[in-house]
Amino acid sequence: MPDALLLLALVILPFAGAVVAGLLPSHARNAAAGLAGAIALVSLGLVWAAYPTVAAGGVLRAEFAWMPTLGLNLVLRVDGFAWLFAGMVTGIGALVVLYARYYMSSDDPVPRFFSFLLAFMGSMTGIVISGNLIQLAFFWELTSLFSFLLIGYWHHLAAARDGARMALTITATGGLALFAGMLVLGHIVGSYDLDVVLAAGDRIREHPLYLVALILVVLGALTKSAQFPFHVWLPHAMAAPTPVSAYLHSATLVKAGIFLLIRLWPVMAGTDAWGWTVGLAGLITLVLGAYIAIFQNDLKGLLAYSTISHLGLITLLLGLKSELALVAAIFHTMNHAAFKASLFMAAGIIDHETGTRDIRRLSGLNRSMPFTARLALVAAAAMAGVPLLNGFISKEMFFAEALSAEVPVSPLLNILPFAALLASAFSVTYSLRFIHGAFFGPDPTDLPRKPHEPATWMRFPVEILVLTCIMVGVLPAATVGPFLDIAARSVLGAATPVYSLAVWHGFNLPLLMSVAALGGGVLLYTFLQRYLRTGQDGPPWIRRLEGQRIFERTMVYVSWRLARVLEQRAGTRRLQPQLRLVLGTAILAGGGAVWLRGFGPGNLPPTPVDPILAMIWVVGAACALGAAWQAKFHRLAALILVGGAGLVVCVTFVWFSAPDLALTQLTVEVVTTVLLLLGLRWLPKRFQSQDGQGRDGQGRRRQAAEVLTRTRRLRDLGIAAGAGTGMAAMAYAVMTRTPPDLLARHFLERAYTEGGGTNAVNVILVDFRGFDTLGEIVVVAAVALATFALLRRFRPAPDSLEVPEHQRDADGAVSHGNAGQPGTDWLLVPAVLTRLLFPVIVLVAIFLLLRGHDLPGGGFSAGMVVAIAIILQYMIGGTDWTEDRLRLRPHLWIGTGLLLAAGTGLAAWPFGLPFLTSYFAYVDLPLIGKVPMASALIFDIGVFALVVGATLLMLVALAHQSVRAHRATPRIAAAVPVRDHAPMPAGDD
Amino acid sequence: MQAAELPLWAAVPVSVLLLLGAGLALVGSVGLLRLRSFYDRIHAPTLGTTLGIGSILLASMLFFSVLQTRLVLHEVLIGIFMVVTTPVTFILLSRAAFYRDQQEGNPEVPALPPRQDAPEP
Amino acid sequence: MTGWMDHLIIAPVILPMLAGIAMILVRDRWRGATVLLGLASTVGLVVLAIMLMVLADGPVVRVYRLGDWPALFGIVLVLDRLSALMLLLTSLLGLAAFVFSLARWHRAGPHFHPLFQFQLMGLNGVFLTGDLFNLFVFFEVMLAASYGLALHGSGTARVRAGLHYIVVNLVASLLFLIGVSVIYGIGGTLNMADLANRMRDVAVEDRALLEAGAALLGVAFLIKAAMWPLGFWLPATYAAASAPAAAILSILSKVGIYAVLRVWLLLFGGDTGASAGFGGTWLTIGGLLTIAFGTLAVLATQNLSRFAGASLMISSGTLLAAIGTGQVAVTAGALFYLAGSVLAIGSFFLLIEIVERGREVGADVLAVTREAFGTGEEEEPDEPDEVGIAIPGTVAILGLAFMICALLLAGLPPLSGFLAKFAILAPLLRPSAAGVPAMTWVLMAALILSGLATLIAAVRAGIELFWASPTGRIPRISLLEIVPIGVLLLLCAALTAGAGPVMGYMQATADALYAPQGYLAGVLAAPPAIPPAIPGGR
Amino acid sequence: MARLIPYPLFALALLALWLLLAGSLTPGTLLLGGALALGGSWALVALPPPEARLHRLGAVPGLLWMVLVEVVRSNHAVAKIILWPGQAGTRRSGFVRIPLDMRSPYGLAALACILTATPGTVWVEYDRAESTVLLHVLDLVDEETWVRTVKDNWERRLMAIFE
Amino acid sequence: MELVLSLGIGILAGSGVWLLLRPRTFQVIIGLALLSYAVNLFIFSTGGLRTGAAAILQAGEAGTLARYADPLPQALVLTAIVIGFATTALLLVVLLATRGLTRTDHVDGREREP
Amino acid sequence: MSAALLGWSVFLAQLMLVAAMGCAAVRMLRGPRAQDRVLALDTIYVNAMLLLLVFGIRTGSTHYFEAALIIALLGFVATSALAKFLMRGEVIE
């Protein structure tokens, strides 16, 4: 089998299996378990197939391009160390699958469980055989993700949800730190390839960014390996089904951190910083975990803290400046996996058979499940470091290192042996508590189930693991020796120290320490009996330091309350501040750009002031300021004043040679006025409240509010002044510069000769830049459709539903307001005149449309004029009257208009010309003479039709609201005074 | 073509008409400002909308007809349109003011007659 | 012009426009026809976009001269890699949102379909045009339709948010206009390529004004991109909008990014004289602030739609910050990020509408409150036998989709979000003699912390949605709704798997953006369709 | 004929309008103008204005001349009032209700146009039931004089044309 | 002349911005109208101010800048006017809808607590 | 001669018309009632139209005629709508 295929299969198989398992029906327990087991075994076989290469000191390597430009490739790489871990992942994986088959209830959706488990196995394998740092971080986060899913598997339990969330939060945070660390390492080394990185140890350690990389990488490792102070997640992860705990929380996931520290040990370790961070974390974790473990009442909780402690031990070993310590760490990692997995499984069996894991309730299970009891006893003894079991040997090595190794700072050196001894004693104590508490003592009394031995196959994995413990404990060199050797060699290479895997090293200090620890542990357990029987939760002295509570409180505070406060400070949901910010930013951006380079008027001398236009602008300015002044309380006045300002703008357009603009602006003015008036009817009435300053106790508050209002107004005035000044300055600067001439020249030259029209503006609109116009009419159409849609759902406020008081007589009766209806004599003359005007206005519109290409006019203004003619009929004749007589189909107008415009554009295609290529010619008609035939005219007719339709659609839809309201309220309504004016509250600004 | 090319015989009446029209419009607007009540004021702008416009339209017609040496008459349209459209505004506006004042019991307008709904004709 | 292939460039604008027109003419008389038209158009757009992408992936920039006028004077459409990329993303999102809407949303009010088509037309026009004022026009087309879509279905929340949306964007449009006219006044042209060519020759005394105009233009773009403090309208508007509208609107914020990329890099990219790099630092700073605010908003919100909106802000901030660095490779990474982000957030908007359908109102408020005061100890003291509840398939599928979206948004493996962040950060950290500038560290921290915050918030929400309250009504979903989401997410997976070639495309895109000689030459030398002297025509 | 050109006089007016707008008398203009005038008069069918029977069109020029004279006279009078308000200290403005015999809507409209065009009078309200029109007069020397003026100067002549 | 027009633009813009920052929807829409005037004039002014030079050519003529004003800004303003008109209409309808659904004409759809 | 004469009379006419606009604008600002403002707006429209006509004479161009024509023909629609709103509270019923 080629290496590449083997490696690829190793990663892909579990994921493929996960997908298949996920698709199985939820009751297919056996199929899922069989699939998972098969995949685990095949994977194990694949790992084994790599043994010959690895044993010979070789490395299997395969590289697949992924993002080659960024140096991220899928590199799969198995050396001795990776091989060892891969074997552990797949081997224990196979055992856990077997165990889980019997552990999981058939009521659970087991296929999903195995799917997650397989995916986790794949991710873990991915970490282990990654040959690229980023890829390693990639799989790293995947393990966090799938462990989250596995912990939360029983998500109907709050503990599972909380545990899963905490685990994910902490480990994913670490993972992100690791990702950052890998990026920094990549920056230092210049490559993410593991082989390159491993060859660049000196460069890494001497780089100024070493410390940054170290902290980030170590953060990743420590969180994953549940090292102080990140250990809090592991005990709560025990809410997971026990096979998960056995697999993830003893053998694999938590070992990922260890794996990483070992992997990078050759290039990152050996510095004081490394020793401080890794060593200190390991030391604290070792002692603290062991101490807390003693006082756990939950079997799995006890094992969890014990795991934390043992991981601390390994971490501590890795923090020492000693190759031998590294070997010990690898060795203990394997040993711990064996005994801890079996212990978890045993705990799971107890839980499964008795229905509880509470040591206080359990007792004397030795009698009902003797075989399990023996297995657990051996495993616990291994954990306690009893001789002739695997734990003993690695612990001996640990003691030796604790006594001899070089540590960065001397005080640490002094306490190290004592700490090691203390932790070992604790370890004996909690092992004893596990065994004694569960299996010995009187018969249990209040167990949920009657205990008995589990199914044989459920016990089988435990038996295998315990057998391993014994075999390694008795014959270390013969059993595990070669594997440990290739692993250590692949990490340390030439620096691999001489070590001896023997049960007996003679009487030495480590042995003495072992004996002391065993004795001390037993003594401590006896001494603690009374206290433990009280059944209090948590360890004495530090009970208040409950990790989860601190974690949750912090999370809630930082990730929610603080975030909320800050978000509210930094953001807003109100419009006024938003606009202030937008305008302020614009002023700053524009002003800042000018400020940096210096502002200057242009090169042209200003033209003399025409007093007439200046005076016109006095009027315009007065109107604008007046509108700003009046818009709050006198809306109609503001509307009228805006009309005045608009007129001044029109005159300005005429003044400066833009008749088309003036025409358009005028028609738009008229329609906008009508439009806003139509809207005004639905706005609440508002009158200036006349009452003066605070009369009563509210005086001060009102005063404060007024000061605030005044401040706000002042600020807004500042923004307005800034915007006005900025615009004025920019306008002046632009106007006094030589105007651009390139495009102007072009358009003027070709308007007639190539565009076929003498009105250059119109030729630009319908030909040179007809695409703009096409877009513009789509805008108008879209807006018309949107307003129509919105008005279909329009619900007026209750207080504006009533008939306006203007329409009531003195006695409250509602009078008519449409020509031709009774009581509307005052409309007689206007009605006659406006009806006669209708064809006249339409004629003028057609005139404007047809001449637009050559003279001021065009489709847009013509369309507006027609729309105004129709609106006029609505105004004077009323909706019903008009719609009885004029069959308007705004949608048809809109559609046809757009179609004409687009069709004119498309008509160029058959001639092999681009969209909107125009065509014009003069046709000589008999009697009439030369007539210009320009495709642009058809385009303009399209614009015309669209404008008619869209304007009518909007205005008529708006006008119909009144009709609807009238129909909703009877014509002769009761005389309700409509005087519910809303006076302004103080501070409304 | 430029205004400078206009012969004096045309320039004189054009000037007179322009000044007359603009003057009337000004007087009308001054009236709008100076007269005391709305009903008085509403009469003032009529100066501009009648004789004022008429003079200026005439001036324009004369000016362009001479300038372009052809009859330019389209100004007549503005005159016609003004005559036809102004009553609509004024009728609506004066009636609105009248109505509002009546509702509010303004002594300036005749009091609201005790009104029966007029039977349909 | 030789054949129909030449018109391909303008087809993404014409096709939805014609579809929209036909829909207006058909009106609601025959809904089936409208749906068929819409389907034909949206599918057609995907096909077109793919074809255009193939066309664009070469050294030649393709130019379409509207009205056959020379590029200097008339309007041109320009197809380069960036346009093709944006067109493809738009069409994919468009198709997904359209299919999704067919399940129920398109009946929530009149004129959904034509507005939707005009929306696509506007977006495509924005991405294709090579003319600054025409860009404004298509911005307006896009916005006008988006106003309609954002308000589709009416209702208090939508209307209230819509008002803010419209007002802010009207102001943005005015700023756009001011910016364009100043640039025209100084630069003397509206063609972006021509403008870029003239940048070097702008007189010293005119630069202040030109830059002020560009700054205002930038503010207008950044309002679209929802940069802090210009983008507070975004979460509210998108949260209130109907799901398909929100999904298609989510690409609107990318339009701001696109405009910045296109205009800023053309006018102030590498070799454009004294103003080169103008405002880049501010872009990065603004981007970082946006990330920071988005991060806070992600954490603070209790509402999934707002969560999505906040994620959108984070993604905008990320893109702006990355683009602001002014480095080619970082921009390439940003483009990769952009692609993934469009697909992810689009599908997320679709997804959350389904998810929230099955929930009682106020459930999300409970979640955090419980977390805040209970810390999970005293609740549910009874822990019965540990037997799981088989979640019905629907919930599982939704949960899976939610998880994928969360991973995408948080930038975690295994999907494209992770690779995207890597693609932005890796070039920033490329070894260099100058060392690593402080801004890089800040950006790195921002990217990673925002991802973390997103993860925390998403996990919080996801647990509450899918794990804690399985008693809620199981939402009824139709295939029309779940398939588009699935397809979008699959595309994200494809981005991960095909990261190499995709990144190659992005790299080429970024290279062309920073060295636009090909673009400039292509636009300004575009040949006429016919020799000028053909009888009847010009 | 009536079916082909429903409002011949109006159509003619529209044609004149078109010619004035176009400012030319070419055949093309005439043809297009004619077509449009026809269309315009057809459009009027949709909004049927009240029936109109015109008699004595010959009286129109005289009426116009009278209006012109009256307009000039009132312009002068009102300008005087505005510019020298002190002179007419006794001036009194007010409302006058004038009974009308004329019922033709066109006649009323023409009367409204004339009264509006004459500075110093404003048409406020017409009451069909009573057949009165309410005017506001700037210089209301004597109500009876005003009633007589309106009835004799305008109503009589207009009735001759429209009724 | 430039000074007059730029002052006019400034005052229109300032009044518009002031209104834009007010709390009532009607104020905002009026403000936008004023601001649009300012912006339209601004665009218009970029082509230079010319009196009596409307870009209406003689038939058959190739126009020059000596005789005619720059037509391009005018065309741009026309587009801007039309788009402005459409969006004003939409804004009006939306503010009416807000008013109808929230019963207030405050821009936030709710009155601020004093 | 005629140029100077015309120039001056055009200038004076424009001056008077602008002054007239100013008067109307003051009325528009002062009110006091809405009808006063509407009336003032109508007056401003008329004055502006006259100004455009005089401007046409000043420049010797008829291109601005249509703008004046539109004011004459359609200006009243805006003021009528305002008046109707004043009277009825609604523009279209």
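Letters A, B, C, D, E and F mark the chains as written, and numbering starts fresh at 1 in each.
Simple rule for what comes next: contacts are C-beta pairs under 8 Å (C-beta built on N, C-alpha and C of every residue); 3 or more make two chains touch, one makes a residue touch a chain.
Everything numeric in this text was worked out from a predicted model, so none of it was measured.
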If a chain touches chain B and chain E alike, it appears here: A, F
Result of counting contacting C-beta pairs for B-D and A-E, higher pair: A-E
Chain separated most widely from chain C, comparing mean CA positions: D
Taking each chain's C-alpha mean as its centre, the one farthest from chain B: A
For chain A paired with chain C, centre-to-centre distance based on mean C-alpha positions, whole Å: 15
Intercentroid distance (Cα basis), chain F paired with chain B, Å: 10
Where chain A and chain B are represented by their mean Cα positions, the distance between them in whole Å: 67
Between chain E and chain C, distance of the C-alpha-averaged centres to the nearest whole Å: 29
Contacts with two or more other chains, residues of chain E listed in rising order: 20, 25, 28, 42, 46, 51-52, 54, 56, 72, 79, 83, 86-87, 90, 94-95, 97, 101, 107-108
Multi-chain contact residues (two or more partners), chain B: 28, 30, 42, 49, 72, 74, 77, 81, 84-88, 91-92, 95, 99-100, 118-119
Interface hub residues of chain F, defined as touching at least two other chains: 14-15, 19, 21-22, 26, 38, 40, 58, 60, 63-64, 69, 73, 75, 80, 84, 86-87
Chain-level touch network, classified as line, ring, star, complete or other: other
Chains that touch, pairwise: A-B, A-C, A-D, A-E, A-F, B-D, B-F, C-E, E-F
Contact footprint of chain D on chain A as seen in their complex: 825-826, 828-829, 832-833, 835-836, 838-840, 842-844, 846-847, 850, 873, 877, 885-886, 925, 927-929, 931
Partner chain C, residues of chain E touching it in the complex: 20, 25, 28, 32, 35-36, 39, 42-43, 46, 72-73, 76, 79-80, 83, 86-87, 90-91, 94-95, 97-98, 101-102, 107-109
Chain F-touching residues of chain B, taken from the complex the two chains share: 1-4, 6-8, 10-12, 14-16, 18-19, 21-23, 25-26, 28-30, 32-33, 38, 41-42, 45, 48-49, 52-53, 56-57, 59-60, 63-64, 67, 72, 74-75, 77-78, 81-82, 85-86, 88-89, 92-93, 95-97, 99-100
For the chain E and chain F complex, residues of the former touching the latter: 51-52, 54, 56
Residue numbers on chain A that touch chain E, as the complex places them: 573-576, 579-580, 583, 606-610, 613-614, 617, 620-621, 624-625, 627-628, 631-632, 635, 638-639, 642, 645-646, 648-649, 652-653, 655-661, 664-665, 668, 671-672, 675-676, 679-680, 682-684, 686, 705, 716-717, 719-721, 723-732, 734-736, 739-741, 743-745, 747-753, 758-761, 763-765, 769, 772-773, 776-777, 779-780, 783-784, 786-787, 790-791, 793-800, 854-856, 860, 950, 954, 958, 961, 985-989
